[in-house]
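First chain A sits with chain B, and in the next complex the same chain sits with chain C.
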Partner chain A sequence: MVDNSHNQELEDLREAARPCFQCGICASSCPVFRVAPEMNPRMSVDSIITDGQVPAEGNEWLCAYCLMCEERCPMGVSLTEILMGIRNISSKEGKAPPDFVESAEALLARGCLSPTSNRSVKKRVDLGLPDLPQPDPEHVKLIFEVTGAYEVLEANRVAVKEEAE
Partner chain B sequence: MKYAFFPGCTMANRLQFAEKSVRMIVPEFGVELVDLAFTCCPEPNAVRSLSEDTWVTFAARNIALAEAENLDILTACAGCHESLTLAKHELDTKPERKEKANEILKGMGLEYKGTSSIIHVHQLLFDEIGVETISAKVVRPLPIKVVTHSGCHLLRPQKILQVDDAEVPVKLDMLCEALGMDPLEYMDKVMCCGAGVRKTDSDTSYAVLKEKMTSMVMVEPDAIVVFCPTCFITFESGQRITNRLFKTEFKLPVFYYTELLAIAMGLPDTDALLADHRVKIELPEFSDTKKEDSESIPT
Partner chain C sequence: MTTRDPKDSSSESTKVEVVSTAPELRIGVFPCKCGKNIGAVVDIDSLAEYAKTLPGVVFVQVNRYTCADPGQREIEDAIKEHRLNRVIVASCSPTMHEDTFRKAVKAAGLNPYLCIMANIREHVSWVHRDDPDAATDKAKNLVAMAVARAATLEAQKEQDVPVTQAALVVGAGVAGMQAALDLADAGFKVYLVEREATIGGIMALLDKVFPQNDCSICILGPKMVDVAKHPNINLITMAEVETIAGYVGNFDVRVKQRARYVDFEKCTSCGDCVEVCPVDVPSRTDQSLTWQKAIQIPFPQAVPSSYFIDPKSCLGMDLIRCGKCIDRCEQEAIVSSDTDHYIDFEVGVIILATGFKPASPEKIPRLGWGRYPNVITSLEFERLINAAGPTEGNLVRPSDLTKPTSVAIAQCVGSRNIDTRSGCSNFCCAESVKCALLIKEHYPDTEVTIYYQDLRMHGKYFEDQYLKAREEGVKFIRGRVGEIQQYPKTKNLRVSVEDTTHNKLQLLEYDMVILSMGAEGQSGNFPLPISCTADSFYIESHPKLRPVDTSSAGVFICGGAESPKDIRDSVIQASAAAGRASIILQKGRYPIEALSARIMQDKCNRCGTCVKRCPYGAISEDGTGKFTVMGALCQACGTCAGDCPPDAIYMPNFTSEQIEAQIEIALAERPEEKIVAFACAFCSYRGSDLAGISRMQYPANARVVRSMCSGRYSTKFAQKAFELGAGAVLYSGCHLQTDCHFQTGNHWMVKREPRIRSWMKRNNIDDERFRVEWVSAGEGKKWQTIMSEMSEVTERHKKSQPKLKKPIAKPKVKSKPKAKPKSKTATKLKKTKSKSNSTKKNATTKKKTTGRK
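Take a look at the complex of A and B:
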């Protein structure tokens, strides 16, 4: 499972996390930690620095991406970069939660995450809003293909299927 | 002024009246909008979590479309604004990123150069047009008490976005004051609305919203004013679910700022904007608050 690019990604994260001295202002600023303490950015960073691995619990997927931790970190550690990096590595292993996979599927199918419906189209017409030009679906496919998104999607589709079985 | 308008898929497909309000007010300030074949920004949390490369390339394509028309981008959603701005920062500061993205864009006949800037309606109104100019256009002041929520993705990271102070944002409050509103300070002003985890763990998401709205109702506002369609939906629809889950009694009307601006400017057909609001508010009658002619019409 662990290939070299994976190790390099972890090494980069470790480097990014190095200035952290575990003060905990990230956790105390986190709106999710306030109501669900299992989501703790400090612990995620600690796992990277101390154990050199992505935490197994997967609590990083509970990050609301509000960036408060990053804004307040006295050492200028980019918590976002670290949490995103952890999620990127987990995704390659097929560990992305179903709703993240659904979002990527929606982007692939329609070029947007929030779907149009007959009702939404009618609402636009009623309000006199213009028809928005639609992106070329080939552009969307090309980006998925060249940036490795198909592989990540496939890894997670398989994981979702195995889970269901 | 002419911009490539980036309403974003949440606003275009779920909060059309907010998009309408943006399109209504901009011509009043001499701004023209152009629609281009954008994809999703893409949304800063979901797609980026799966693959940084995919995220940055989609954003590069969107920005390159505007660059091909020699236009800056005007965003209306905080999430789109952050995603495009952070991607632009990546592309502008990491040459290898830009090179990689451009290899892909070449296949579409596009090139990311870094020439178009990205501003949100918040910045257009506060930084480009200015509070005084806006104030001068107000014919129907709206004397209501409001709490503002600029949105995480307009505030942080402050050093890159530079929309307002990340800890003590004041600009949206000043824009509200320009319309005769009374913006109130409240404890958790810069806290997230909880939208980011709604799909992953909805109970946690509404627990965050409960914290946020508890802080809001402590100062007894008449309404919430936002600058992000996702935050709008979270507050407006989410409060009912929060009430069910936690036995709270939130019932606050929510506005996207330009809706109130359109009303205060006395623009026609603003009733159509408010028709789909799920929590209604009785705004003060026009005749009660109308500015004296000598104030509203410069001589």
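Take a look at the complex of A and C:
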């Protein structure tokens, strides 16, 4: 499962995390940490620095990407990049949470995550705006192919199936 | 900067005289065996025979240990007996024994600057042990290079300048006061210049000072009075230094003093005027926590003990607009006609004690200072807890003037943050623990919590204070405060912080929050070129060994201007600076760098590039377009000469002519195999010496050309070497960013690299044949690696050598046999002789032009 590109990605994360001196400003600014104490951005960065590996718990999937931690970090650490990197690595290992896998499946099937509502279509007509382009699953498939998202999705399908069994 | 220079105009002629009196070139070469160190590898006898054939050499003497007393005596005797006027010692590195031999030469009556060395130990015998033939060849070549350089060496007058027996101390905080008192007590006249209306600085605003928690003004007050009363101190308050001209020993200072509008000799500080003044302005002393009048005194113990009028807030000092204070003052001390004025004086040394300023909390909006009244800074706290402060020492919440029952102190505000100041501010941890103890002392029931990241209680007795605080029940929680919010009704504050020891979010309510503010630098706008760090603190000459000196001779730094520090450290550093300054003052004369750049006015095209290159502000324009070097300020790095477009700067003993002569000799035979390596005297050359001392072996094809600084290597040296067919060229200097002994020489050198590379591209010279490297004095191994790698490069390109697109600009010089330089130098010499009356500068120029014809 783990290949060289994985190691390189992890190495990049370690490089990005190195300036962190664990002051805790990120955690005290994090709106998710207030309601879900298991999601602590400081601990995620710490596991990259001290353990040198992606944390197994998968709490990073709770991040809401408000960027508050990154805005306030006194060392200029790009926490969103690190949290996203952790997600990328763990999803390649088939560790994406099932609801994220479901979303990806839906995107692949429908070409979009949330279809335009009738209300917004009507509003656009009222305002004289042109019709929105219809979502095309073929486009998404193309993107999946080019970016290698198919393989990531497949790895997670297998994992979900195994868990179900 | 204006020029007043003892060396530039007057002494130039004396120097030239020394050279022109030399009747003919009589070089003595002294090859040294250094026991077996050199003798076992290099064939010294063959080297000696070869040296005799070199142009201008009239005497050669081999010695077993030239540096020993008999060896030195032999040099002295030979100088007298054979009327030698140049001495070349072929032995160890010049960093090792150049001083020794120069002293010996001086003892024999010859100018010490006419003695140079050929390094055949560190650069030859120790690094080419396995190839004695190649080593001997290289040694011969190095001696020939030295002989070629020696031909145009110039005698230099070792000079000193008189020192004015007075000092300028800028800033009268605790550091400036200490420095002024020390110098004044030592008997020197001191001008102490202070921007504010009183002396005392930040320390005068504090309540108690750690770690003993003694009363700040009680210990500072008497010192302030000492300063005011000292017969040797001329205190100038409400003043700033406007301009400084001159150099060490002879600075001309102009100070601008603002109008005080109150005659401080008449003012009795009775305070009657304050009662009638109708204007209220926020109090500076009390950090805007209260009001003061337009006529004011900073605090009761102020020195000078006199009121002053703030002209910006005063309604007008006449009876039509206001003039109430004039009417009231029985002493008639108010001078409405007072104006700003200048004070001029001369000093020999300068001490900068301009201090830091407390970091600004406005830059950190998430902590709510300015929006939430109960968030205060540590300096505001000092005023609130101070018996002389706006609340007479009662700690109250600014929102409702009630006593706080719970206080949080947030550490590292304005420090350790790349957006404000990345460094630690040094004093704030101890300051916060002191604040906590003060609160506990006044109000034992008030809860105090300190939120810290790393509690740095590093000083003497600091740990005791930390222990005391814990015993008093102060809570310490590890975690930096993320944000502060206010409860709108109670004006209480909610502090959100992660307790990083327990990985838990804490959202706790406090009556008051104190922000432990760090320090911000404010150095750099002083009218002298002294380099500053990115966060505006002065940079010391050496961080460990010369911590209070600056790169400008005669200028010293101390206190908060150098870095954030507490009172004790400021006083220590101030005394150190005063001590260093008094060494210069006490001697009465100051020796200046004998070498200094000169501008050849006939070649100068008035572009002014040199002014920008000089890190010492030594080059100035006289108003008519003529540029001159102020000799006493020049440190002889040669960066100006390295970038001078018309090559109009004459850098004595490192002239373009001398360097090019060395290149020519180095490449006289089989140039395609050779590496011409330029190394600066302070880092790279010492690094190459270390490779020798460590016996690191590398190929024998490198020829090192030494210069004072990498800033001296102009683009044309590399071009010249490649035109002569050099296999590879190395420009090596001190490491970027800050290692350069001359501050910025290496920065200017690296800027020339693209120009050299594009020239190489145009001439079809492979990119890898030129390298720019940074080698420190400790990187012998790196030197060895570079030499080995570059030798491989020369190997690879040996065959491609004839393919040069533009073959050679001056083909005459290319395949010159060894004997040829001899005749060339000889003809040059004859011409010098015939021009003995003209100046040296002209002689050089003419020699060059004739050489090119």
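Just so we're on the same page, the second predicted complex is superposed on the first by the 145 of 165 C-alpha atoms of A that agree within 3 Å, B and C clash if a C-alpha of one lies under 4 Å from a C-alpha of the other, contacts with A are read in each partner's own complex, and residues count from 1 in each chain.
Convention: contacts are C-beta pairs under 8 Å (C-beta built on N, C-alpha and C of every residue); 3 or more make two chains touch, one makes a residue touch a chain.
Treat the numbers as computed from the prediction; the structure is a model and nothing was measured.
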{"item": "Touched partner set for A:Cys63, first chain B, second chain C, both or neither", "value": "first"}
{"item": "Dominant contact partner of chain A by residue count, chain C or chain B", "value": "B"}
{"item": "Partner chain in contact with A:Lys141 - chain B first, chain C second, else both or neither", "value": "neither"}
{"item": "Touched partner set for A:Phe21, first chain B, second chain C, both or neither", "value": "second"}
{"item": "Partner chain in contact with A:Pro74 - chain B first, chain C second, else both or neither", "value": "second"}
{"item": "Partner chain(s) touched by A:Arg34 [first = chain B, second = chain C, both, neither]", "value": "both"}
{"item": "Contacts of A:Lys161 with chain B and chain C, given as first, second, both or neither", "value": "neither"}
{"item": "Common interface positions of chain A, toward chain B and toward chain C", "value": "34"}
{"item": "Chain B - residues contacting chain A, complex", "value": "7, 9-10, 12-14, 16-17, 19-20, 23, 35-40, 42-54, 57-58, 61, 104, 107-108, 152-153, 155-158, 166-167, 190-192, 194-197, 199-201, 204-205, 207-208, 210-212, 272, 276"}
{"item": "Partner chain B, residues of chain A touching it in the complex", "value": "31-32, 34-36, 39, 61-68, 70-71, 80, 84, 87-88, 91, 96-97, 99-104, 107, 111-117, 120, 123-124, 126-130, 132-136, 139-140, 142-144, 146-149, 152-153, 156"}
{"item": "Chain A contact footprint on chain C (complex, rising order)", "value": "366, 412, 416-419, 453, 478-483, 496-500, 503-507"}
{"item": "Chain C partner contacts - residues on chain A that touch it in the complex", "value": "21-29, 33-34, 37, 40, 42-43, 72, 74-76"}
